[in-house]
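Please read through the structure below; I'll follow up with questions.
Per-chain numbering from 1; labels A, B, C and D assigned in written order.
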Amino acid sequence: MTTSTSVTASPTFLDRVRTYSPPRRYLPVAATVALLIGMFGAGSLRYQGFADPQVVLNLFVDNAFLLVLGVGMTFVILTGGIDLSVGSVVALSTMIAASTLQAGWPAPVTIIAVLVSGTLLGTLMGLVIHYFEVQPFIASLAVMFLARGLCYLISVESIPIREGTFTAFAQGSVPLPGGYHVTPSVVVAVVVFAIGAWVLHMTRFGRTVYAVGGSESSAHLMGLRVAFVKVGVYTISGLCSALAGLLFAAYTLSGYSLHAVGMELDAIAAVVIGGTLLTGGRGLLLGTMFGVLLLGTIQTFISFDGTLSSWWTKISIGTLLLIFVVIQRLLTRRQN
Amino acid sequence: GDKPKPSASSDSITMGFAQVGAESGWRTANTKSIQETAKTAGIELKFSDAQQKQENQIKSIRSFIQQKVDVIAFSPVVETGWDTVLMEAKRANIPVVLTDRAVDSKDTSLYKTFLGSDFVVEGKKAGEWLVKEGDAADVNKDGSIKVVELQGTTGAAPAIDRKKGFEDAMKANPKITIAASQTGDFTRDGGKKVMESFLKSQKNIDVVFAHNDDMGLGAIEAIEAAGLKPGKDIQIISIDAVKDGMTALAAGKINYIVECNPLLGPQLMDLAKKVVAGESVPARVLTEETTFDQAAAKAALPSRQY
Amino acid sequence: MRELLRRPLFWSTLALLLLIALNTAVTPSFLSVRLQDGHLYGSLIDILRNGAPVLLVALGMTLVIATRGIDLSVGAVAAIAGAVACVYIAGSDRPAATSTVVSAVALAVGVCILLGLWNGFLVSVFGIQPIIATLVLMTAGRGLAMLITDGQITTVVNPAFKVLGAGFVATLPVAILIALAVFAVTAVLARRTALGMLIESVGINPEASRLAGVRARTITWTVYVFCAFCAGVAGLMIASNTSAADANNAGLWIELDAILAVVIGGTSLAGGKFSLLGTLVGAMFIQTLATTIPTIGIPAEANYLFKAVVVIAVCLLQSPRARAAFRSRRPVSTVKAGAA
Amino acid sequence: MTQVTTSIPPPAVGTPVVEMRGISISFPGVKALADVDFRLLPGEVHALMGENGAGKSTLIKALTGVYTIDEGTVTVAGTDHRFASPADSQAAGISTVYQEVNLCTNLTVAENMLLGREPHRFGRIDVKAMNRRARSILDRLGLSIDPGSSLGEHSIAIQQLVAIGRALDIDARVLILDEPTSSLDADEVAKLFAVMGDLRDQGVAILFVSHFLDQVFEISDRMTVLRNGKLVGEYLTRDTTQLALVEAMIGRELETLDRLEHQAPTAAPDEARVPLLQVLGLSRKGSLQAVDLEIYDGEVIGVAGLLGSGRTELARLLFGADTADAGTIDVRGSRRRFRTPRGAIGAKIAFSSENRRAEGVVEDLTIADNMLLTLQAARGWLRPVPQRTRDRLVTEYIKALDIRPPDPSALMRNLSGGNQQKVLLARWLITQPELLILDEPTRGIDIGAKTQIQQLVAKLADEGMSVVFISTELEEVLRLSDRVVVMRDRAKIADRFNDESVTVAGILATIAAGGADTKEEDSDA
């Protein structure tokens, strides 16, 4: 709408050259932010203590692992794929971490073992998806079963983590000005987010991710490294899942095969709510961050309420989600 | 944010309760009991449902701390991994009471008391009954007692502990063997489907040990569909004693039920008041639980609350 | 023959047969079917009966997926259907009467159709991405079901209700007969009328279809309604099978099973061409797999591992590239790029 | 073994940069290329000629690694190559624009042009430099669009130019252009040719495919002709005539036609007549300024204009593909409002879009399904077209439009570009509309088929159908139409009867003059 394609156009269009990103790219994210602010306003009017900045910080504290998962999932979804395995890989990572620590491995070795195994699973999945043309949905579903199965193979029972580095990390606190604090996990998550944003928005790899999501066959014909990128995003997702698994292991100081059941849906929901199209090619990592925060806010809302029975909890989550996506849709509708 | 404690007045206590979820009828009865007794005991209840996820439970406990409740009670989804958040509660001087399931922590100062049943004991009770009644259970008189086990959700604490308790007790009678064991996910549907295939793949099943009543009820349906009489041709032992289970027991379709009492409300409120008042409480409070055979069930059925 | 080898249906059928062969090898009586109380009895019959709900849901899902959508709410809808029917029967004056069951079923199916209208509305009119639009009902729906049953497992004692999921006519399970009837009607509607072609065209290229005058919006809306209808009937079967409505667990994860069945059946999640026969085979495969685990005695801890291995094997079996690679031949030319 | 039939062009300017020998490629059921030899010399523009489905695009894809070759060898700059992907061929210095626009509409113009070669600064993509570089390439093609704008906003012609721009930016020794000019107007073509001329002078070898014979004779040095996947011969352009070329392509003589035998409806506005379509003040913000238009039965209205002049938007509004902000449409005297294409189809209006890949083709359906889609949609799903009617219609149109392969069950995605276009045309003809709106219907269609289609349009008009005919080829517009509407800057600037006084030059002059008055208006786009 903003630009003309007229060949005989006057030079006034040159002015537009300078404005790089059309604002409509940011529209869904802007809508998310507006809603988030609105929700906090409503929350602080209703519940005492809701407006405390520490509540906002706790959103990060409690969802650090989800943010890391969301970063990986955003890459995958932007190429038009999907990764259902992330929840199980988180569980597997907690299991590997807990069992190796129990066996007396030093923390750095454990961390490397977890990251390597998650990344390998991701790469494997990417290879199967790209080279054998297996649909991402079933390939990642298979990996989901596989990772969950490996968890049980390690142990059916939950394993506590008592190792010093992990407990120190888990119980550590990063003070912020004003008497507030976050946990080291938040720092890790924010760093991962920043790196993710850099790679996605500032590098050639990132552009290719968008191109593959826009049209894989076009990207192929344009001579882009489609295979590298497609395998790459699943590798990134695997790495992020493993990292999220470590954060989760620290968060719960345990390894358990039933951890993170259904967390893949939370991650997918956060990405999609953040304005990324499930069909690929459109979306921003920033949106994912707000998507995660939004899911967290819905939960905070409900736990502050404290009067909802189990089923009203579910219904309220659904309703808030609905209100949210409908408003977001209305706010962004104008673009077409 | 330094807002005054909302319930600083000594007469009203605010309790934050983080429930596991509402995954079964047992759990719902448990929730109801707590909500109702809180009301009658004059305790303001902040209830949150974790939908079977530990991270949700940690989040709600953290939010209870944020809201400065007087006491926190919760049924842990899993035993491990509570040190961090309980430490935060301790730092905020909020006492914690565990219900239903224990936590696995070296630092016992993190919580005041644990109220709940012992799953291992439940499994043991079931096993002991089978050892005692063993020969009657050998329905086909072939000298060996062939048990099939319907496990709860793989990895869930009740499933692991009940299995362990049962296996321990069973050792007392070498004729008892577990021929097959598979998860039925604590559901009727799961119990029925698994039992259907056991009936086809195993010969001469004598006993079904179901980790909860629902799976036992499912097994009854499968046994009936196979043209056999549950309770006679194949004996059934289960755990929980919910209403449907007790009805089946009274009707002779189940042979033995070990109770797992969900009505923790009164005991919990009692403990909570004591803890808030700073009185000392025992570190472990067992719920009052019993076992039922068919006769006992007939007698107890009219007065059952759930 | 070569033509045959290229069809995904061939490979999924082969996978199904292999699975049955495995069962028979471990449990020789697996294939045996005998007459018991006037109806057929045996593992195969169990698979048919227990596979009916998955088949139904997968049928609805096939059409939704063909329009490039997805419906995550089917499990919740199934739970709601069971809850509505059981609560209605349990609360009525004559809880054992057949007439009560008829109105209960009608009520439950009606509710499900409303839910389908709701999903379809969000997707086709509001233009919300299907996965999120149906996630709303997936989350809230189970809450609704629990609200209806008050969180309890509602047991009904009614022989007529039992027929739906566990009954038999002419020695065959009613459930599979219903599912096959829905399958037949769907197949006729899809392939004897123009509906199938129109659905595919909307799924392949929505804009081109709209410009060609296809009622893309109405079609999209309708498939969600149909999917919810199928989920509702499946929910009734699940409830009827155990004569109880379990709001928490009825239809849990059935959406994954259904999607898996559809994909194994050869329909692409990217929309477009669909195969109902493939879905039938896929659903039976899923159910056989579920039955295999207790039958051949896989330990509970190894369930997932076994499933993972089977799913990986099936998808590699179906992938022409993988087969070519294993035969260590030059991969087939990149036909994909033919789209260019 | 296939002998190059005509005289080998003399002093080969050095050795061939590309040499393909004995290339064969089969698809299930089709032998797309059979033992074809081809060579490309540095510093030449080489035209690859042939009918629709002759195998031109397949040969290009075989060369650039999209398809694996069944038999044969490819040599590029003296070394044997077997490219596994387009990326490999790019790395070997071959830059290609494939037939359909293969870009990503979700990215910006600049991103599309420079994907894979983005300028970097401090390890990150330098967006400013990227836009600047894109800007300069666009300027070279005379295109003044914002490089930061999203590609999807632009018309198919602009997208085609962007694709060309992308190929030009690659520093290549071989440039391949598969029908680059199919939606460009004369002005654009001239600019493109100027650029191609420059590159040729720098020694770049250019492979060029087009169905416009004039263009081919203007720019090419040599040509290779394919027919039915086989090599017919290699010719020097200056030694060949158009007629000889056409004969080589189609294997027989082409019946010439200059002025179509089309009876214009007894013309002159008999005021009493009710027009089939009466449009008043139809407009849409940012796309089209108020247009008035009357269309009578049996009339062919040609719409002329340059790129982005609003022709497509006019057609879309008439059809209800977009909704108008203002204005009225009367069909046979009664007021209609088309909010969706269905409404227009109900009023017996048909519209074939210029963007065949995005808005026409349903790739995974068969030829038959694609042809019958609209008819079926109009009948409703409950009344499938009876098998007999179906077979009859499909075979009839496959024959009438000479669609290849003549197999109703062939998948649309496997058809060559021109044949897809024919199927889409058939889709609309089958509905027997009263008004047929054709936006670039002859895009990518070979010379023989183009004449057929023109004759068909004339015949339909004689039978009483009204046609709106939009084409970048002004000659074609003038040859066919009874009345010519001229558009500029998204407004109608002229509407006149097509008598002897109307000429291509005249129309261009009108556009230029109109441009003088309306210069100000396009700045508020």
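By definition in this document, a contact is a pair of C-beta atoms (placed from the backbone, for glycine too) under 8 Å apart; a residue touches a chain by one contact, two chains touch by 3 or more.
Not measured: the values here are computed from a predicted model.
Common neighbours of subunit B and subunit D, listed by label, are A, C. Two chain pairs are in question, B-C and A-B; the one with more C-beta pairs in contact is A-B. One finds 33 Å separating the Cα centroids of subunit B and subunit C. Inter-chain spacing, taken between the CA centroids of subunit A and subunit B, is 35 Å.
Here the spacing of subunit C and subunit D, counted between their Cα centres, is 45 Å. Multi-chain contact residues of subunit C (touching two or more other chains): 146, 151, 301, 303, 334, 337, 339-340. Counting partner chains per residue, subunit B has residues 22, 28, 31, 154 touching two or more of them. Residues of subunit D in contact with at least two other chains: 66, 85, 98, 102. All chain pairs in contact, by the document's touch criterion: A-B, A-C, A-D, B-C, C-D. Across the complex, subunit A is touched by residues 66, 85-87, 89-91, 96, 98, 102-108, 111, 115-116, 118, 120, 123-125, 127-128, 131, 135, 142-150, 153-155, 158, 166, 187-188, 286, 306-309, 489, 515, 519, 522-523, 525 of subunit D.
Interface residues of subunit C facing subunit A in the complex, by the touch rule stated above, are 68, 72, 122, 126-133, 135-147, 151, 247, 256, 259-260, 263-264, 268-270, 301-309, 311-312, 315-316, 318-322, 325, 334, 336-337, 339-340.
In the complex of the two chains, the subunit B residues touching subunit C come out as 22-25, 28, 31-32, 151, 154, 180-183, 185-190, 192-194, 196-198, 200-201, 214, 217-218, 221, 225-227, 244. By the touch criterion stated above, subunit B contacts subunit A in their complex at residues 1, 3, 6, 16, 19, 21-22, 28, 31, 35, 45-49, 51-56, 58-60, 62-64, 66-68, 78-84, 87, 104-106, 153-156, 160.
Within the complex formed with subunit B, the subunit A residues making contact are 48-49, 51-55, 58, 61-62, 65, 152, 156-162, 167, 170-171, 248, 251-262, 299-300, 302-304, 306-311, 313-314.
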